[in-house]
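One chain, subunit A, links the two complexes that follow: it is found with subunit B in the first and with subunit C in the second.
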Partner chain A sequence: MIPVCAVRDLPVGEAVRVEADVPIAVFNVDGELYAIDDTCTHQDASLADGWLEGCLIECPLHATCFDLRTGNPTGPPAKKPVRTHEVVVENDHVYVRVSTSILQHGDVA
Partner chain B sequence: MRAITVVGASLAGLSAARALRAQSYDGRIVVIGDEPHQPYDRPPLSKDFLAGKATVEDIALSTPDDAALDVDWRLGHKAVGLDAARRAVRLDSGEELVSDGVVLATGARARTLPGSALTGVHTLRSLDDALALRAELAEGGPLVVIGAGFIGAEVASTARSLGLDVTVVEALPTPLAGPLGPEMGALVAALHLDHGTRLVTGVGVAGFVGEERVRAVRLADGRELPAAAVVVGVGATPNVDWLAGSGVGVDGGVLTDARCVTEVPGIVAVGDCALSYNRFAGAVLRLEHWTNAVQQPEIAAATLLGRRVEVRSAAPYFWSDQYGVRLQFAGHRRPGDVVGIVEGDPADRSFAAVYRRGGHPVAVLAVNQPKLFGRLRRELAVPEPEVVR
Partner chain C sequence: MTTLGTNLPPSLLATLAGHYYTDPTIFELEQARIFETHWFAAARAGEIDTPGKFKTVQVGRESVLLVRGRDGVLRAFLNVCRHRGAKLCVEESGETKRALQCPYHAWTYGLDGKLVAAPNLTKMPDIDRVEYGLVGVQMREWLGYAWVCLADEPPSFEDTVIGAATARLGDAELIDRWEVDSLEVGRRIVYDVKANWKLIVENFMECYHCATIHPELTEVLPEFADGYAAQYYVGHGAEFASEVQGFTVDGSEGFGKLEHLSEDQDRRYYAVTVNPQVFINLVPDHVIFHRMYPVAADRTIVECDWLYSKDVVATGKDVSRSVELFHRVNQQDFDACERCQPAMSSRAYTRGGVLVPSEHHIAEFHSWVTDKLA
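Right after this comes the complex of A and B.
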């Protein structure tokens, strides 16, 4: 598991980025925490910098929205899903269990 | 609608085909494109593709899903004439395609300067241009870039990253003063100096020196800048010449209303070739931005299919990547707007600035502030949406 931050450092509506093998973004949607790959599947943009609206994160560069629950894009230009990861909270600390899924960009889950 | 012809097989043309299918149109779609290539993305041509970090496959726009669009592609064919009353498009092969709807998506081409025919003098608009320039940059500098607009600046940035000696020449006293205003133009242009690019401003280009191959660029003040290669980045001209006498109104772009309709019903225009009424700006604009070439086709498709269209008042948006810095701009700046920095410090090359008119925020520029930009662009003064039909 990768340590992310203290729970209090990730308030509602905010996001943090952590460096793993690939960068991962963790979001707080009304108290529910979600983790996905941070880099947009379209081009080079960090989704932690995106606009959060409910469970959708809008990419800051070309505005594709990804569903944090599934990782799926809801529209173009991105076509491929981002990986989702399990978030674990222990002793007021946020961790991410990086998904070992070998889901390749391009496969639709 | 049983048959629709799209002229231009790039971002706007492909987006039109996708939008028509997404809106349940099941008739015939023919897309005509004068380039031999399948649609590709242009922004990387001055960035990662030019740097050799992206391949032709990486910049392809079509995806496997697009096979379902069932498009009859006519690549390598140029449209040479339009009979608007019959919605008939004539191809260079002599073939004529008559359809119920026509989408004009012919984009723009790079402007040139007299003498540009010399070997070593480049423009950058197409994949072939980028391949030629990439090969030239591999031979080394010095490189002279004429024009410090976005494409010129991106080429300079990429060439510096490849280790070339680069000089940028700009006729205006301040680069990017048109889109960004003089204050922000100066701050953004400082990126060149940070990265060892020479910037010569306020002086025009008199001509090129060299017989077959360019050896130098001669400036209006008599100075000569030695050049192994030159990139002319002085803007783009819409590809609308072929519409002369067609019955479709053209005035430095195909004139359309906010729903992308030209003066002729059943003929719409989208993307870089369209001079459209823009509700956000309250003016007709010819936007040369990627996002516009994706958004307009959705409206145009709905218009052609006779569906209710909510004309979005979204602020025009573009981005530019230079020297590892991401610029984002939304809104519409006019001379006289008052700009102020609202966050960050220009010295850190990380800040956001808001342009105001009569106290209202009308545009925002963000430099390496993508998250803040997302908030500020949503605070721009947007007119109420207008539902037509």
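Right after this comes the complex of A and C.
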């Protein structure tokens, strides 16, 4: 598992980016934590810098929204999903268990 | 060659020479030394009222972007992407949901100017997001307008802007009685005037022309027929004619006087010039606020707002008769300025013209300009 941050350092509506083998973004949606690959599958942009609305994160560059629950884009220009990852909270700390699924896009970090 | 100024009879003072009104080199110098270094009333702040609303304004040779942040604060930036210099916002005004994005490479800035995102930005961790954010421009709000200054070290706002009103009205607090910041725009008219900006300032400063070209205005303000503008005096409000009920095109009744005006200010007209581009007229029931945007040596855009109480605007009262009075005055004035502009390059005006005594205070404006250009 990858350590992310203390729970209190990820307030509601915020996101944090962690450098793993592939950068991962963790979001706090009204107390529920979600983790996805941080890099948009359309062009290299950090989704953690994007805009969170409900369970959707909008890429800051070209406005594709990804569903944090499935990783699927809701519309163009991105076509491929991002991976989702399991979030674990232990002793007031946030961890991510990185998915073993294969990256969908060619831009491997 | 002797200049006209050296042999003038005492009644006359010299104007600027003709080329001051036509020479593109002088105009460029004015852009640099006057419009880009002084406080400039750029926009009515209340029109950029919610987060994400923006307006772009030409100030001197720069495009300035005014945008309301998510924190409710209005900010001003140079409208230029820090990456490769594309103009960021091309629209005159609009609303963005979350950010300001360059249409070229998608560098994306927050409404506070900070660089939020850019392609491959995470692979360039050495790029400081504030350092490479939009370049901020100094901004102040006064009388409900956003005043910007492009100078690195702006002149004192209190001295050069508020001070101009104080000097004319003779009292630092007098203008506050109109509560101009709380008034609403009842009407805006934009004039595209084919004349140098200084001709427009000079015209506004004197009333020697009033009896000839402003029949409606002199009906309402009979003392204007004597040729002495409110701007000639300190603290003087020109009195309405006894038979006139309001500051309207036909002298008919206006609206109730604004709440904090005293009887002394009722039935009077006050005027203020804030160099280099603002004229303010104060009458009991409204305020007329002119802003000039010089475009070229021979062209100036003038935006004129008629400001009324919230109540007058909200209840949809008919403002047309009060608008019509000064709209006619503006048309008459700008026609006169456009009549002068072509003659500025005439041989007859090579050395300029003359100012009669009721216009002598215009020489102070000329000194102000030439000092800045020196």
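One rule holds in what follows: the second predicted complex is superposed on the first by the 103 of 109 C-alpha atoms of A that agree within 3 Å, B and C clash if a C-alpha of one lies under 4 Å from a C-alpha of the other, contacts with A are read in each partner's own complex, and residues count from 1 in each chain.
Everything that follows uses one rule, which is that a residue touches a chain if its C-beta (ideal position, glycine included) is under 8 Å from a C-beta of that chain, and two chains touch if they have at least 3 such contacts.
Since this is a predicted model, take the numbers as computed values, not measurements.
Once both complexes are superposed on subunit A, the partners subunit B and subunit C clash. When the two complexes are overlaid on their common chain A, residue A:His62 makes contact with subunit B and with subunit C alike. In the superposed model, A:Trp51 makes contact with both subunit B and subunit C.
Contact with subunit B, but none with subunit C, is seen for A:Pro77 once the two complexes are overlaid on the shared chain.
In the superposition on the C-alpha atoms of chain A, the part of subunit A touched by subunit B in one complex and by subunit C in the other spans residues 45-46, 49-51, 58, 60-62.
Residues of subunit A touching subunit C in their complex: 17, 23, 38-39, 43-46, 49-51, 58, 60-62.
Against subunit A, in their complex, subunit B makes its touches with residues 18, 63, 65, 290-291, 294, 319, 328, 370-371, 373-375, 378. Chain contact summary for the complex, subunit A toward subunit B: residues 45-46, 48-51, 58, 60-63, 76-77, 79. Interface of subunit C with subunit A (complex): residues 98-99, 101, 106, 108, 116-123.
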